[in-house]
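Below is one structure, written out as structure tokens; comments come after it.
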Amino acid sequence: MQKKFFLLCMVLVALMAFGTAAVAQDDVTLLWGMWGDPAEIATHQLVADAYMAANPNVTIELWSQPWGEYFTKIDTLFVAGDATVIPDVFFMTPIQDRAAAGVLQDLTALIEESGLDLEDYWPGALESTSYEGVVYGFPRDIGIEVLYYNKDHFDAASLDYPTDEWTWVELRAAAEALTVKEASGRISRYGFAMEGGKYFDFVGANGGLILDDMFNPTQCTLSQPEAVEAFEFFAGMMNDEIAWRSANLGQAGGDLSVFLGEQASMFIQNASRVPALNAAGVNYDVAAVPTAPGGTRQAGIANGAAWVMSSVTDTPDAAWDFMQFLQSPEGGQAIYFATGEAFPPTRSGAESPVFMNPERGPENKQAWIVGAESANINGFGWFPEYNELNGTLINPVLDTIWAGEAQAADVLPGVCESVDAYLVEHGYGA
Amino acid sequence: MATAARSTFQAQPRILWGRLTLHLVLIVGAFIMLLPFLWMVSTSLKTQTDVMRQYPPRLIPETFMISNFSTALTSLPFDRFYLNSLIVASSVTILQLFVSSLAAFAFARVRFKGRTLLFYLYLTGLMIPFPVLLVPNFIIVRQLGWFNTYWALIVPTSFGVVSTFLLRQYYRGLPMDYDEAARMDGASSLRIWWNIILPNSKPALAALAIFIFLGSWNDFLWPLVVTNSEAMRTLPVGLSTFQGQYLVRWELLMAATVVALVPVLIIYFFAQNWIIRGLSVGSGLTG
Amino acid sequence: MEKAALSSPPPPTLMTPPLRSFRQKIAFRLGMGVWRADQQFEGYLFLLPSLIGFLLFVLAPILISLALSFHEWDLLTPPEYVGAANYTELFTNDPVFGAVLKNTFWYTLLIVPLQLVLGFVLAVALNTGLRALRWYRMLYFMPVIASIVAAAMVFRFLFNQQSGIIAAGVWQTKELLLGLPFVQASPQLLDSVQGLAPPDFLNAPGQGFLPGWAIISVTLFTVWKNVGFTMVVYMAALQAVPDPLYDAAKVDGASGWQRLRYVTIPLVSPTTFFLLVVQMLGAFQLFAEPFVMVASSQNSVALASESLVMYIYRNAFGFLRMGKAAAISWILFAIVFVVTIVQTLLQRRWVHYQVD
């Protein structure tokens, strides 16, 4: 009896020893950092829970900060150097400065090892998360835009719906036909609405650029004919009163508000408007952003905040596995893109049933994919002085164009002069 | 103090017309003053579609959506903004009253070396407009690790140089009898302050309290600069950053602002006289 | 400094109060007088909290701001000494600063007189012993205590060129006019009525140095917000004007207007001076009104309505140029300082202080 009991104990102990040893070897805790408001954090928590359910030996701890504090706190942690409290995987944008500072993990080796197909990412998506040719992170989603339109308005005007092959010509024609002008001259409904700040959708489509190189600019290119043409097209619609003037649009509550208020029939925007439109039950659909007459398309900017890995993580493989999960259609993407308010950065994600869910509007989600095929990140300046350059030299003048107080051809050369001078001053000039 | 002044227009029969036009003009003016508030209330009671599509816009809503109020308070974190504003404004008021009455008492009643010098230093501080202090205060607050906390919202604004100045003027006007007597009895300055000065300055303190509270409640620039998360925003900042969202539901936003306005109006109704009196005293008319 | 009231008992010379504390004993022994040592210590003690706050949040910032204005700092990298570069840049190389100064200038020039005059007129009107005084006063004062953000959002809503009620009013008037037969009859009138359209109240800059609709809209909002304050202050001042002066004037045969001009206005001139200074300060430092009403994005300057303090905010928190922001704030200080000095000097000419 005692012998049996003793044997039983030995077996149990052995089992436990092996068991715990086995568990102890694979037990990993990952620190996962992000910003966001409570609702966003809750979504991230769901993703973490899903991963932990599939990988019981891994514990994911969330480290979240409000947006304004996030960057300084991360920097402080890296300066302090204690790897146990530095997040292994975290959100970052832009990444160039920190990659240069060496706090981000170079992912080349891990990419090769795991055989990740970088081509799965839309063109340009990885450009914003790379530094000197090396990939440091993966964008969670990218801001590709589409043309939203109100089907009821089109029906009432007996117009054909926009297609993914539309050019500016059709866009303008539809805007004209859909604009409702009263006897007094007041416009009660504009055909088209788009924030002035998205002008690059037209400039880029027409082959123009803001600066010759958005990473290391030497020269302003806004005054070149392709850009001027694009400005004249966009501002022309505003001046002909078939599109909302940019400032008024913002002050009236934005494109979604005026669309819901039936004061606009079409607008160009990224996927963030989808949940609200679905909830409101509007009869709408989307189409790809119209191309320039030459045939090229610019559907927004293909960048987004990226998941990066800390360079001092002691569990790079576990962190990599988690990052992959975040970016996989069955993993993180299944949760992030369930409401349709964001667009996946990968082909596999975009074509997955999660994003392409036929039970959730709009119908023509293909429009995003069409737009993503020609994605790039040229609409934004990737150098520190860009905000000031844009805010004092470019935008105030563009505002006068959108307000109809100035003609693009007249003022854009002056803009380029001042931008060039600024670039020279700050060491960027040719 | 001042007796009711005889009006410059005497009531005579032929000036009854004058009276009438006077009232008319005043009523029109009052209506202009009120119109934005009426519009605020009107919008807060409209449906979303009415707000966005109604043309011409009507003042009286077609359907009275009282539910907008509950929706606004639950769907947007206004309760948090409200709480923050309440905490900050109350703390700032109490702290400022406490600190400045102590300081004002010291300046007015207590003889100590360097008093005049320090007072002139305070006066120069008064002359510096707030925008000059904005950026360095932000830097200091950041260095102290107070960014986006209640500390940053409360502490820097609790040192009312203006309050100190006003209270000093007021204390100088109080008779010294009780002071002297108390000192003779060996009372410390603290006792004098607590038992004599404070009770005697209730009107000034009350008026000041109202102004400090209102000023803190409506403060926009400093909380804007010093908070960066929804959880820490005060009401003005919360309201303004909320309208940056891509869908501005005006009716909810207006409902929230109406609710935000209510405590202020209540304080005002009850404390009208204090406020007016405080303004008259504070504007140095007696000097 | 202060003289004790006559009715207070004479200070004791021969009697000394019971010695209470060690401090007191020492002080007495040292012949400093019992109370003064106590007071020395207590004086500083009482002042301490206020002084700490003053040093930390007023004095230190002044010095920091001054130093900062000679540096370039973006919060991330260490500050870099640049001498007077920020200042010279503002005056020679800043595309926006001219517009900012112009806007601030017009804000002050338009807001202050309007607020003063309207407030005064209202105060005079309400000082006629109306029974409804309390109600009027309350209604006119309500905008003052309302949250500026809430009010600015409402005004933005009202002034929107496309969907605001003022614009709607213009359209309705135009429709009305177009329907009138005599308008339809005359081609010239028809033409000019057809050309009517609501201007861009919130965004239109003025030609050259002239103020545009944006400035006017912000002005109207600010005046609406603050006229109650002016009114109340003037009301108190009017109450303080002694009756005998009015009676004397009446005896001399002065009419209502003359009494106003020769008695009332001079006698409230100290208040006018006070309000002038305070409101100028306020107008120079306008921030929330244009910021919330026009609602431009954080990184883009709204040329038509940007005020000095808005530009400070943008440079500091939008463009991360702390040094330049500090420099702008010192320029603001210099302007305010000069204006206040000028006003103080000029006051001798027109401010009548009562001789008691």
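Details
In order of appearance the chains are A, B and C, and numbering begins at 1 in each one.
Assume a residue touches a chain if its C-beta (ideal position, glycine included) is under 8 Å from a C-beta of that chain, and two chains touch if they have at least 3 such contacts.
Predicted model only: the values in this text are computed from it and were never measured.
Farthest from chain C in terms of Cα centroid separation is A. Across the assembly, the chain pair joined by the most C-beta contact pairs is B-C. Here the CA centre of chain A is 43 Å from the CA centre of chain C.
In whole angstrom, the spacing between the mean C-alpha positions of chain A and chain B is 42.
Averaged C-alpha coordinates put the centre of chain B at 15 Å from the centre of chain C.
Residue positions 263 of chain A are each in touch with at least two other chains. Annotation for chain B: residues touching 2 or more other chains are 55, 250. In chain C, the residues that reach two or more other chains under the touch definition are 171-172, 295. Put simply, chain C touches chain B in their complex at residues 2, 4-5, 7-9, 11-12, 17-18, 20, 35-36, 38-40, 42-44, 46-47, 49-51, 53-54, 56-62, 64-65, 68, 122, 124-130, 132, 134, 136-143, 145-151, 153-155, 157-158, 165, 168, 171-172, 224, 228-229, 232-233, 235-243, 246-247, 256, 259-260, 264, 270-271, 274-275, 281, 284-285, 287-288, 292, 295, 308-309, 312-313, 316-317, 322, 325-326, 329-330, 332-333, 336-337, 340. Taken together, the chain B residues at the contact with chain C in this complex read 1-9, 11, 22-23, 25-26, 29-30, 32-34, 36-37, 39-40, 43, 55-57, 98-100, 102-103, 105-108, 110-113, 115, 118, 121-122, 125, 127-140, 155-156, 158-159, 161, 164, 172, 175-177, 180-181, 183-186, 188-190, 193, 214, 217-218, 220-221, 225, 235-237, 239-240, 243-244, 250, 253-254, 257, 260-261, 264-265, 268-269, 272, 275-276, 279-280, 283-285. The touching residues of chain A, when paired with chain C in their complex, are 75, 182-187, 197, 244-245, 247-248, 250-252, 263, 384, 387-388, 390-393, 395-396, 399-400, 403, 405, 418. Those residues of chain B that touch chain A in the complex are listed here as 48-49, 51-53, 55, 147-148, 227-232, 246-248, 250. Against chain B, the residues of chain A that register as touching in their complex are 37-38, 66-69, 188, 253-258, 260-263, 272-273, 276.
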